[in-house]
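There are structures below to look over.
Common to both upcoming complexes is chain A, partnered first by chain B, then by chain C.
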Partner chain A sequence: MSHNFDDLEIIPLRESDHALASIAYTDEYKQATGLLRALMEKNEKSLRGLQVASNVIAQNPAHYTVWAYRIDTLKSFAADVKAGAADKDEKLAALQHELRWVDDIAMACPKNYQIWPHRQQLLELFEVNPDLLGEELTLDREIELIDYMLSDDSKNHHVWSYRQWLVTRFPTLVNLDSELATTSIMIQEDCRNNSAWNHRFFLFKLKNDNKQEWTTKPSFQEEVEFVANTIDKAPQNHSPWLYIEGLYSHYKKDIKDLQELTFKYACLPSDLGEDEEPLITSSHALDLLAKIYLKEQEKSKALEALNLLEEKYDPIRKGYWAYRKKLVEA
Partner chain B sequence: MARLPSSILDYIAAQQNRHKLRNMTHILTLPIRDSYVTETSELQNATEEQIVACLEKSRDQVRSLETEKHVNFLNMFLSPDAPLPDKFTGLDASRAWLLYWSANAIRVLGGELSDEQKKGIPLTLESFKEDGVFGGGSGQDAHAASTYAAFLALADSDDEDAWGRLINPEEVLKHNLKLKSPDGGFASNVGGETDVRGTYCRLVVASLTNTLTTELTDGVIKYIASCQSYEGGFGGSPGNEAHAGYTYCALAALAILVPIREMDQYVNVESCLAWLSARQYQPEGGFSGRTNKLVDACYAYWVGASLVLINGAVHAGPSLWDRKQLAQYVLNCCQQSGGGLRDKPGCKADAYHTNYAACGIAMSQYIYFPEGENGLYWQATSCDGADTSICPVNPVYGVPLGVAERMRLYFTLKEENLK
Partner chain C sequence: MEKTKHTKYFSRCLFLLPAQATSYDGNRLSIVYFCLSGLDLLGTLDQFIKTDEQRKEYIEWIYKQVVESGEGFRGSPTFKLCGHEHSESREGDNKYDPANLAATFFGLACLGILGDREIWTRLSRDKILSYVASCQRDDGSFGSFCIDGKVAPDYDMRYCYLATGIRRLARDTSERLSSSRDINIPAMVGHIKNTESFQGGIGQGQTGNVTEPHSGLTYCGLSALKNAGQLNNKEWGTTLEWLVGRQCDERTSETQVSESSKRDDNDSSEEEQGDPQTGGFNGRVGKLADTCYSFWVGASLASLGGTNYVSADLAREYLLNNTQNTLLGGFGKTPGEIPDPLHSYLGVCALSIFGQPGLGKVVPELCISEKAFETLTGGDSTSVAV
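The block that comes next holds the complex of A and B.
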């Protein structure tokens, strides 16, 4: 549907002719943003305004001002529908179409910042006005979009942040078990996907720290086994090592329990016979071993591990390992 | 008691794969590599190969900085007569950023802004003013990031008259307070995201205008601390994955609020240091922004400056990262032949990467010592053999040393004169 804009006077870009970083916009962009400025100046929130907003966003999705105008417009539609305004049917249809419209923008512009706060406000609007959506608010559509976007870029920071927002904001609507299962699958597919590990940490904490109902509650030991199995596939993968140390630190467990795990991938020459070469397949195991030895007050062994890292296994971080040695000696 | 790894054959295969690389004595390679293939490792290997090829070409030499070419490239964004082509429309809401990145990079690289450019910055920003602060372009809503960029571009312009004309500290404070959320975070704009980038941007402009009131800063440290992830780095908001850009924002924001040497009272500096240090990769020499992600020249600043800040708390000395290898990555692999600096070989240079790669080199060519309590004042001494054509950069404010200090002094004196 096309709207009439004849009554609107386009407001051109108001700036000096000598402005820097100016852009030779296309006529189409000038026209769309000119209309937007005119609508915003009049504070008009209308169906035609929504159309202009769509047009500007299609040409420049990073234009945050138009996103703010768009959500204000939609919120005013919600009020108009409730008040029974003359054009309430069209406005209701626009509201019901909005999530689908955002889906398309999200898929076309995966790195965009603005989509996600927009979507957050929409969900909050539908949460308090379920009649606007025409159906009960569920997160199925959200999770479907997120999964689709992660299938394209499995580490998209915005998408993962939005996923966490959903889990936090709608604890009763989200299926935490299937969330956790998703991270298992993604880690299975690419054990180096650190974003999936981060989300898993976030969920595991929720599961154990909150009193929410979970059908399955993995025990700490089961989780440690999951991590250990993943480490075994690729011992030099930093993600699971960070994860397991993070878990031990968060739950105040003793890292000495991890000594056996580290021994699978690192050992010290002083523990071996004279002709034996230590077989070290993970610098992260060596790092953790140094921490464990330090805790056990075996300072010389801790220093031995750090020396190996400094000289042979991670020399680009020489300065850092030297600092760690200083901490041991102190 | 020899302990065999579970997958010894994989290990041996990996060692053999490394053989070729290890024969190149001038490129440090990690002796350990997993042969288990995933999407991440494939991408990493392909990138590494490309970078090693680039490093190979220059052998052990560090290419010098092609300042003139880079300045010419940056001048393209600061020309009053020639607008950027329409393919830059996607940056229409980031024009304040373009001013800051370009003007700042010119100064950091040791170039000079022309009088036309110095006048052009306030002239352009005048029409970006909104609600006491700045939007990304004319007629756009006020935004924390645009405001931050606009303030720093104005600081870089040295035009004190323009500061007095365009910035009213009371309005800045009022706007910042309006966008503060109950959890101690700040929204980027009305209806926009709340994250630690917003916190950093707002604290910088509050500090420059001397409006860091208790009302503004109340609860902010707690918010910043809540963004630290189990990895040690910081995410954009609580629970998010550790990311070097947000880690920088968190540490720099904290440095504005508390004496750097006392940062350990609020966040875990040891785990943060470990995570930051792990961002430097071998054989690339560059920094990555997240665990298991690729190196990118912009992280020379985000990680480099974060290391400078954290070092103010842990006092680990100047060798926390391999400065030479970082310089080799940025200078040998990321200088575009036509001017400008880029993310990595194969990418195109842009103003963002040029600025942060330049600021990153500045982090590596000098050793910085904090002075005073508020992160504003720093002493810098050049490293041995450093290229001192590049300016030392304030690791909290991201502008050449002296620039932010001058603006803060200006508004402090102005306030005193008003009393």
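The block that comes next holds the complex of A and C.
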């Protein structure tokens, strides 16, 4: 589909003599942005405008105002379709094609910032105008795109943020248990996937925040066991330690309960017999042990744990451990 | 440290970039800022700008990026709509040429670096501060720009940082009461506090939910508080712990803590890919080190008074031995990567924070030199007006 631009006067880029950080633009980019500027100045919302926007985005997806122009154009199409404009069929087709078009840009530029807010606005547009979509709004397509993108980069921050937005924005369209199952699988595949741990925490909060009694139920214990099993696979992996501490703190459980777990990976020489050498396989366990001892007012043991971290098990942060010792002594 | 090569690198980028840099077209002011500020910290700005006339011409180029309304800067001449020869029949408008927060912060910073003392006679503090306030949402967060009273739909902690940075640079602290429309500070503070993750770092969120915490977002959140005079170190102890945890140490993960026997085969730990990590910083738990995080984490620690809680020696060694490009100058994101202006600049800033001799002092929460700060505000960077 090609449009006619003969009536449009291109606004060229005017660069002054002492320009800084000039870019040796290609002719194609100069042409496309020249048309875009002309369309923007006229505030023209048209099918040819959408095509120019696609062309600029293909060459430079980080061009931020083109995205504002594009969503405004699409919203004007939605109004035209409703009003029964002469070209409503073409505009409706453009609207219905838009999510697919974003899919392609997302896959081509997985680190781009602008695609996700664009997609959010589209979903909200379809939510209030279901007839534009021609079918009921579901999240199947979104989850499919997300899973595809995470299969390529399992820690893509933009994609995880978008996933979280979907869950909060469309609670009735999301199955929380299936979301939880996804995080279980991802954590089993890579126990260091901190993004999956973060999503899991978010889901549990969503599910249980209004039910504090959750912590006394078998499902809480099951969760603790899931974390403990994952810790055992790689005790120096920080993610599950942060997760379990976060869980205990958020649901106001006593970290004393975690002492047994920490003993599997860290113990203090003073707790052992004379000829026993302490086996320490996780600095994070040692850190948690120090916190537990401090809470129990066993200050000398807390200091002993922090000394081990400072001198032997985490010396790169010795300044920090010294600071923590000062807090214990205070 | 390869000062001469870094000077050449920044100077080259300021002059002309290849067509592959088209993806930076929307943010050319950011490139200019990274490079000018890099030269400023290296103390070699006068090797790029040799005459006063040249300096004035560059200052004029920066002013050309001010949008017609005077509310701030555009990111690049590519956005400029009006002012071309045939626009006398003004049926259209400039709505798609808005000021944006990033460009406005970078534009002001560049003028300070270039030593422009006329800035506040040429720019209206009031227009800029009012525009910044108009980019704030009811929940305290900011969007990158505002068109026709509608805030852009992007949610990002960076805009809290940029908004408060602009505010700190543009407010006239000699006037006791400013008549400009101001940011809603309590709402912003509430927003930032809501984005502290259970892990300790700051993520982002728009509904009270928090995405995975990230060193860059943590820097932006803490710096926004600091710029607004609202950073109470006591409230950020968990964040401090998370931040110090970002320094990578292969020695502990591989040798001293005997973990290898327990590691199962499916475990695709990124640490096993081979690049040296020790002394570098990562952006998130379980990720690889990257030059820019040395700054985001180092500067966050500086704001919380905790630079000594990590190893500054290893932090410098990581950058100088691994990501500094000794051939082209500049710093790459990771060892062996081609240098780019952002990582080159933040590499230099991180080295300054971690005590590398011979570099200018950087204001951690603003990411500009103390000298540039003084040019812009006439004040001392250690005091923050609330």
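Everything that follows uses one rule, which is that the second predicted complex is superposed on the first by the 319 of 330 C-alpha atoms of A that agree within 3 Å, B and C clash if a C-alpha of one lies under 4 Å from a C-alpha of the other, contacts with A are read in each partner's own complex, and residues count from 1 in each chain.
In this text, a residue touches a chain if its C-beta (ideal position, glycine included) is under 8 Å from a C-beta of that chain, and two chains touch if they have at least 3 such contacts.
Remember, it's a predicted structure, so these values are computed and weren't measured experimentally.
Student: So if we stack both complexes on chain A, do chain B and chain C clash, or do they fit?
Tutor: In the arrangement built by aligning on chain A, the partners chain C and chain B clash.
Student: Check whether A:160 is in contact with chain B, with chain C, with both or with neither, and answer first, second, both or neither.
Tutor: A:160 sits against chain B and chain C alike.
Student: Please indicate which partner A:9 is in contact with in the superposed arrangement: first for chain B, second for chain C, both, or neither.
Tutor: second
Student: Go through the superposed model and pick first if A:43 touches only chain B, second if only chain C, both, or neither.
Tutor: Only chain C; A:43 stays clear of chain B.
Student: Considering only touches as defined above, state whether A:323 meets chain B (first), chain C (second), both or neither.
Tutor: both
Student: Examine A:88 and indicate which partner it touches, taking first as chain B and second as chain C; both and neither are also allowed.
Tutor: Neither: A:88 stays clear of chain B and chain C.
Student: Output check: A:263 vs chain B and chain C. Expected answer is one of first, second, both, neither. What do you get?
Tutor: first
Student: Based on the superposed arrangement, let me know which partner A:253 touches: chain B (first), chain C (second), both, or neither?
Tutor: A:253 sits against neither chain B nor chain C.
Student: Between chain B (first) and chain C (second), which does A:271 come into contact with in this model arrangement: first, second, both, or neither?
Tutor: First partner only.
Student: Both chain B and chain C touch chain A; at which residues?
Tutor: Residues common to the chain A contacts of chain C and of chain B are 11, 13-26, 29, 33, 37, 40, 59-65, 68, 71, 113-114, 117-118, 121, 155, 157, 160-161, 164, 168, 189-195, 198-199, 201-202, 232-239, 242-243, 246-247, 249-250, 279-283, 312-320, 323, listed in rising order.
Student: Over in the complex, which chain B residues touch chain A? Could you list them?
Tutor: The contact residues of chain B facing chain A are 1-8, 11, 28, 30-34, 36, 38-41, 77-80, 83-86, 88-95, 98-99, 102, 117, 120-121, 123-124, 126-127, 135-136, 138-141, 143, 188-193, 229-232, 235-237, 239-243, 271, 273-275, 277-278, 280-282, 285, 290-293, 314, 316-322, 325.
Student: Taking the touch rule as given, give the residues of chain A at its contact with chain C in the complex, in rising order.
Tutor: Residues 9, 11-26, 29, 33, 37, 40-43, 59-65, 68-69, 71, 113-114, 117-118, 120-121, 155, 157, 160-161, 164-165, 168-169, 188-195, 198-199, 201-202, 205-206, 232-239, 242-243, 246-247, 249-250, 279-283, 312-320, 323.
Student: Touching residues of chain A toward chain B in the complex: what are they?
Tutor: On the chain A side, the touching residues are 11, 13-26, 29, 33, 37, 40, 59-65, 67-68, 71-72, 113-114, 116-118, 121, 154-155, 157, 160-161, 164, 168, 189-195, 198-199, 201-202, 232-239, 242-243, 245-247, 249-250, 263-265, 267, 271-273, 276, 279-283, 312-320, 322-323, 326.
Student: Applying the document's contact rule, which stretches of chain C touch chain A when the two form their complex?
Tutor: The contact residues of chain C facing chain A are 13-19, 21-28, 31-32, 35, 54, 57-58, 60-62, 64, 75, 77-84, 86-87, 91-98, 100, 144-145, 147, 152-156, 197-200, 203-207, 209-214, 241, 244-245, 247, 249, 251-253, 256-259, 262-264, 266-270, 278-279, 284-287, 306, 308-311, 314.
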